[in-house]
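One chain, chain A, links the two complexes that follow: it is found with chain B in the first and with chain C in the second.
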Partner chain A sequence: MAADRARLGGVLRLIVRAGAPPACASVVIFLLAEALPGDSAVVLGGGRATDEQLARLRAAAGLDRPLAERYADWLAGMLSGEPGHSLLTGRPVAELIGGRIPVTLTLAGAALALAVPLMALLAWSAVRGPRPLRPVITGLVVGGAALPQVALAALLVALLSAGWRLVPPVSLLPVGVPAWSRPDLLVLPVLTLALPAAAYGAALLRGAVADAVSRPFVRDADLRGMSATAVALRYVLPAVAPAAARLLAVVGGGLVAGTAVVETLFGLAGLGELLVSAIGGRDLPVVQAVAMLATVVVGAGLTAADAVAWAVDPRGGAAR
Partner chain B sequence: MRAFRTRAAALAAGCVLVIALGGEALAGRDPIRTVAVPWAAAGPGLPLGADALGRDVLARVLAGGRELTLLALAAAAAACALGVAGGLWAGWSRSRAVRTVTALSDLLLVLPLLLVAMLAVVVLPGPSAVVAGTVLGGAPLTLRVVADATAQARHAGYVEVALARGERGLSVLCREVLPAHAGLIGADLGQRTVLAVQLTAALNVLGFGPPPPAPDWAAMLRENLPGIGLNPAALLAPAVALALLAGTVAGLSHVLAARP
Partner chain C sequence: MMSPRLSRRISAAVAAATLLTGCSSGGTDTAASPAASPSTASGTASDTVRYAAPGSPSNAPRDPHGLLPGESDLVRMALTYDVLTLPGPGGRTLPRLATAWEPDRSLTRWKITIRGDATFSDGRPVRAADALFSLRRMGEKAAENFGRMEMFDLDASTVLGATSFELVTEKPYAEVGKALEGATFVVPEGSTDFTRPVPGSGPFRPAGGDAQAAVFERNDDWWGPKPPSRRIEVRAVPDPQARGEALLSGQVDLAAAVPAALVRQHAENPSVTLVRRPGATLYPLVMRTDRKPFDDRRVREAVRLTLDREQLLQVAFLGFGEVGNDLLTPKDPTSPAGLPQRTRDVERARRLMAEAGHAGGVDLTLHSTTAYPGMDSAATLIAQQLAEIGIRAKVELAPADTYFSTVWGKEPFYLGYLGGIPFLDVVRVALKPGSATNETAWEDETWHAGLEAALAEADESERRTRLGALQSRLRDEGGYAVWALSDRLDLAKPGLTGVPEGIGFSAGFIDQVALGG
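On to the complex of A and B.
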């Protein structure tokens, strides 16, 4: 009975933890529009509308209603997948976003698929790799985590594209061509996203791995003569899994945000590029919808991480 | 050995900072004037060639780090100061307010820094957005580190002695706890600086930095990417400069953090 109640509490906590970041972010994102001088009526009016015309536009768009009511409306629109129309082109925001999702999903997915094993390998070898190599790997991890993404992008372009002529320097994907059909165009963007994420993750994971390795059960297993791989998989992995899962969620969130830089720099028409151009054009409905989507993804990642931590906890999760 | 490493790391970071901040004055070259054809290769008088508009790349690299570095340092200092103040308070006091602030700061921690800064750009000018992003994304990390250290120090001998002498909590925090964690806070300031450099570079590449004719390392990357085949130095020089700035500061921070 008590165990059931504890489990219910755990599930409730997971739901609250998943909902809290997007919920808080939604208020801030909604208020962005309020903080701007001039509202969407001014934008629609093109700067030449009279006060009377502006008032009519505001009434038509419902901008004269109280703030809380407009927030509720706006949130309902977001949740129902109809976040309004672009102020610049007049096209539905959902349609704009839908067209951009495949590119960003391919990019972020490929980057994550590369970053996760690399992160584990780096963190492990910085702690338990060949002794003379450890300081070198630690240096690589610290330096790699510090390297600005844009500088890495430039260095990779110079090396892989201008130096060795392996891949084209900018991606400029033709419209309507799926991103995965041209893997050569994705090499530079994916590396630019994955390498700093892996180094950053490894820099943080290194501490957790070092802690786990110094625990008595790991030393016992070593003394019993278990192979390094078996020790890593059977004892170290479960011990660092909760920390690694949370870290992965944060790194994944950063990776999603990083697509904005990478897509803009390499000329890929994805969600990040849409966000950047919408910010440049003060196209608030688009900005708000893309930002909400990103925070929901981050919230989902954190929930998955919490679920992993809960599942591998030897105390049955309920004790937490 | 350890003292030597700290000194070497400090020297490297110091040199890079001096060149980044004072490069233009040292060199006395004009970063704005057109002096050659676009993306002219390196030659006499132009050691690194010319950029997209035929301007001296060396002059632009020497001048292009000042604003970026100053902004990153200011943003990092603001984030660190706020985080240290909050951390000392959160680690020392046990009130309900502490738990609320810690929960809020943990919530900020999970949002991607770059996304926060990009949303700030909607309502703020670029430099203010960098400061806002660094403070919102960096101060919670500092707060957590300093709060842990303060909570541990609360029961340390030197703190109990000071309290037994009759000193007040605030005075103990500022005169005993804070100096004891100077290395930790120095390392943290370094990490926030790296974060702020990364954020500034990203926002400037996206076009939210200083307006065009002004030299800027990050903007140079975007301007000179198409000319990679003609003058690779125009792209490589600012990339190496950014990497050196972030790398040496991170190295110093790493050495400081490893000190006992």
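On to the complex of A and C.
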């Protein structure tokens, strides 16, 4: 009975976890976007429109309607898959977003593919690596996690592009060519995204790994003379899996957020660049739709992480 | 989170682009050079010219009559649609779709004749009705195009025939040809839905692209000089540094408006050509003439006498430009010639301050923004220079977003922005009596009456003289101090020809570009 209840509770928690954040996020995103000083009318007026002209532009865009009414309209639109039209250009928001998903997906996917093994390697070697190297690796991890992306990008450009001339410092994709077909143009953006993410993840994962290896059964296995790899796979991995899965979701979310900086720096037209520009132009429907999309993706990642934790340990995994 | 530096660069690009093209209606140097020699057979890679221009692909409009936020947007429209007239060398207006514009004796009714051989991409001929319809659309969207059509009474204007229409002005207006320059993109009559591309009759036709780049293919039916390139790719790249780097790494063939520091770094680089457009940008010091202490003309004069223009040019624009002479539009053909350069005279400035009752100095806030490169350092330096005459100016910086809503046209003392636009455009956007956008509160009745009279003067040389005299008075008595003008710096692949040389709208007409060899 108790186990059933725990199981049911776990499932319910998963559902609530999956549903509540987007619902809350929708309110927060809507209000934050609204709270930006100025609006699209000011942008359209080029800074030189009169107050009457601005009022007309606001009315045309529906910006003069009550907040609650606009939120309800927007939510209904989002739920029915019709996120509206850009306030600046009248273009459908879905079209703007659709054209940018491939670039961001390629970028974030490649960065994740690089960051995950790197994160595991760093966390593991900070705890179980050759003893003299451990403080060095820990230092690298902490330093890497603290390094702003802009600084890293400048460093990488200076080294790989200006210095060794391996790759170009910007990444304008040729027209009609998918991003993944030009790996040379992806090197800098992917490294800029992946390296701090891996370091950040490793910094957090290091503790979990250290906890796991200090458990009696791991020490016992060590004493029995089991190989390090076997210990890692058999005992440490299951012990850190829930933490790692959640960390992965957070790091993945950070990667999605990081595309805003990286795409703009390297001249890639992805979702991050879209978000940055839309905020600059106070293009609320675009800002809100992109932010919502990112929230849903990150939320889905966290839910998946919960599912992993729950699968590993149904009694406490989801709560740990 | 984004670093302040990056967000600054991003907003700078966005904001700079906003005013650059929005306010620009006509450069004064040259137009797209006509009749470039047609290139060889099509199909080779060098038949494509790739252009990285300021702008953001995310706010790229399809409507040519509203705000064109970036140069890339102007370029796309200029390839797709025909305009009525173009700014030409020496301030001359060149015919484009319009072949003639003739006034009646009163200068209020103008007969505009358009060429009869232009066709839209859907095969329909371009008629006078399409042209007038397009001007009316611009009139309706006045808030988004800086009131570009406000001198016209578009309701009273009528179509006369297939190739001519009568354009009625609100008041006698001798500069109708100029008023039609650059932005008058002609779309088919009845076009209302601009969320989808609307047919144009321009030198190129849109041929797809992706989120960032718009691809254009030559319109072989175009009436004008055959464009030498078969294909032009226009990329909107917001970051100036990224545009420059894209050119340097061979990803584009022409990069517009790149940072001065990058140009300096590659001054000796043989694999790039620098295109310099003088007088493209200025950051005038704005002093509201209806607020203390600037309501006293002596204080305004003292400020103008104190600025160290050369030092400001070096610091704000890294020397890529020229010192200002307090004229807002020195590249306009009507700009008064032969005025002596204003020089520094701190002694006289101190005397003027004392006469104005400020011997003990005055405390002020000087507003500036991080949105435009060098504008923040210019403000700091101006504050230092003004300290010499007892003006204790505290510099306050605003980001681009709030600069336009809280500083521009509201504060009494700040650095403004003008994108090298002609005199009559400056009048429309910043000197109109009674308007909220009259940032210096320049309400001088004789001056405005003089302007009206000048525009009612049919004789061109007399008109120029009068307009010049008005600018000269504004220079000495108005609320602006123009300390320097910066060049626009483009980088091009060596051998690229047909790059337009003028500032403002002329820079957007790139239909004759071609890669040499």
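The working rule: the second predicted complex is superposed on the first by the 267 of 320 C-alpha atoms of A that agree within 3 Å, B and C clash if a C-alpha of one lies under 4 Å from a C-alpha of the other, contacts with A are read in each partner's own complex, and residues count from 1 in each chain.
Following the convention adopted for this analysis, a contact is a pair of C-beta atoms (placed from the backbone, for glycine too) under 8 Å apart; a residue touches a chain by one contact, two chains touch by 3 or more.
Since we're looking at a predicted model, the values are computed, not measured.
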Partner chain in contact with A:G280 - chain B first, chain C second, else both or neither: both
Touched partner set for A:L57, first chain B, second chain C, both or neither: second
Chain B versus chain C as contact partner of A:A49, first or second or both or neither: second
Contacts of A:G201 with chain B and chain C, given as first, second, both or neither: neither
Partner chain in contact with A:P92 - chain B first, chain C second, else both or neither: second
First, second, both or neither for A:L265, with chain B first and chain C second: both
Which superposed partner A:L36 touches (first chain B, second chain C, both, neither): both
First, second, both or neither for A:V150, with chain B first and chain C second: both
Which superposed partner A:R100 touches (first chain B, second chain C, both, neither): second
Intersection of the chain A residues that touch chain B with those that touch chain C: 36, 148-151, 161, 169-170, 260-261, 264-265, 276, 280, 282
Contact set on chain A toward chain C in their complex: 36-38, 42-51, 53-54, 56-57, 85-86, 88-92, 96, 99-100, 103, 148-151, 161, 168-170, 172-173, 175-176, 260-261, 264-270, 273-274, 276-278, 280-283, 286
Contacting residues of chain A [partner chain B, same complex]: 20-21, 24-25, 28-29, 32, 35-36, 142-143, 145-155, 157-158, 161-162, 169-170, 249-250, 253-254, 256-258, 260-261, 264-265, 275-276, 279-280, 282, 284, 287, 291, 294-295, 298, 302
Touch list for chain C against partner chain A, complex: 2-3, 5-6, 10-11, 14-15, 18-19, 22-23, 52, 56-63, 66-67, 69, 142-144, 146, 194-195, 208-213, 215, 233, 235, 237-239, 242-243, 245-246, 248-252, 400-406, 408-409, 429-430, 435-437
Chain A-touching residues of chain B, taken from the complex the two chains share: 107, 109-115, 118-119, 121-123, 194, 197-198, 201-202, 205-208, 218, 221-222, 225-226, 228-229, 232, 235-236, 238-240, 242-243, 246-247, 249-251, 254
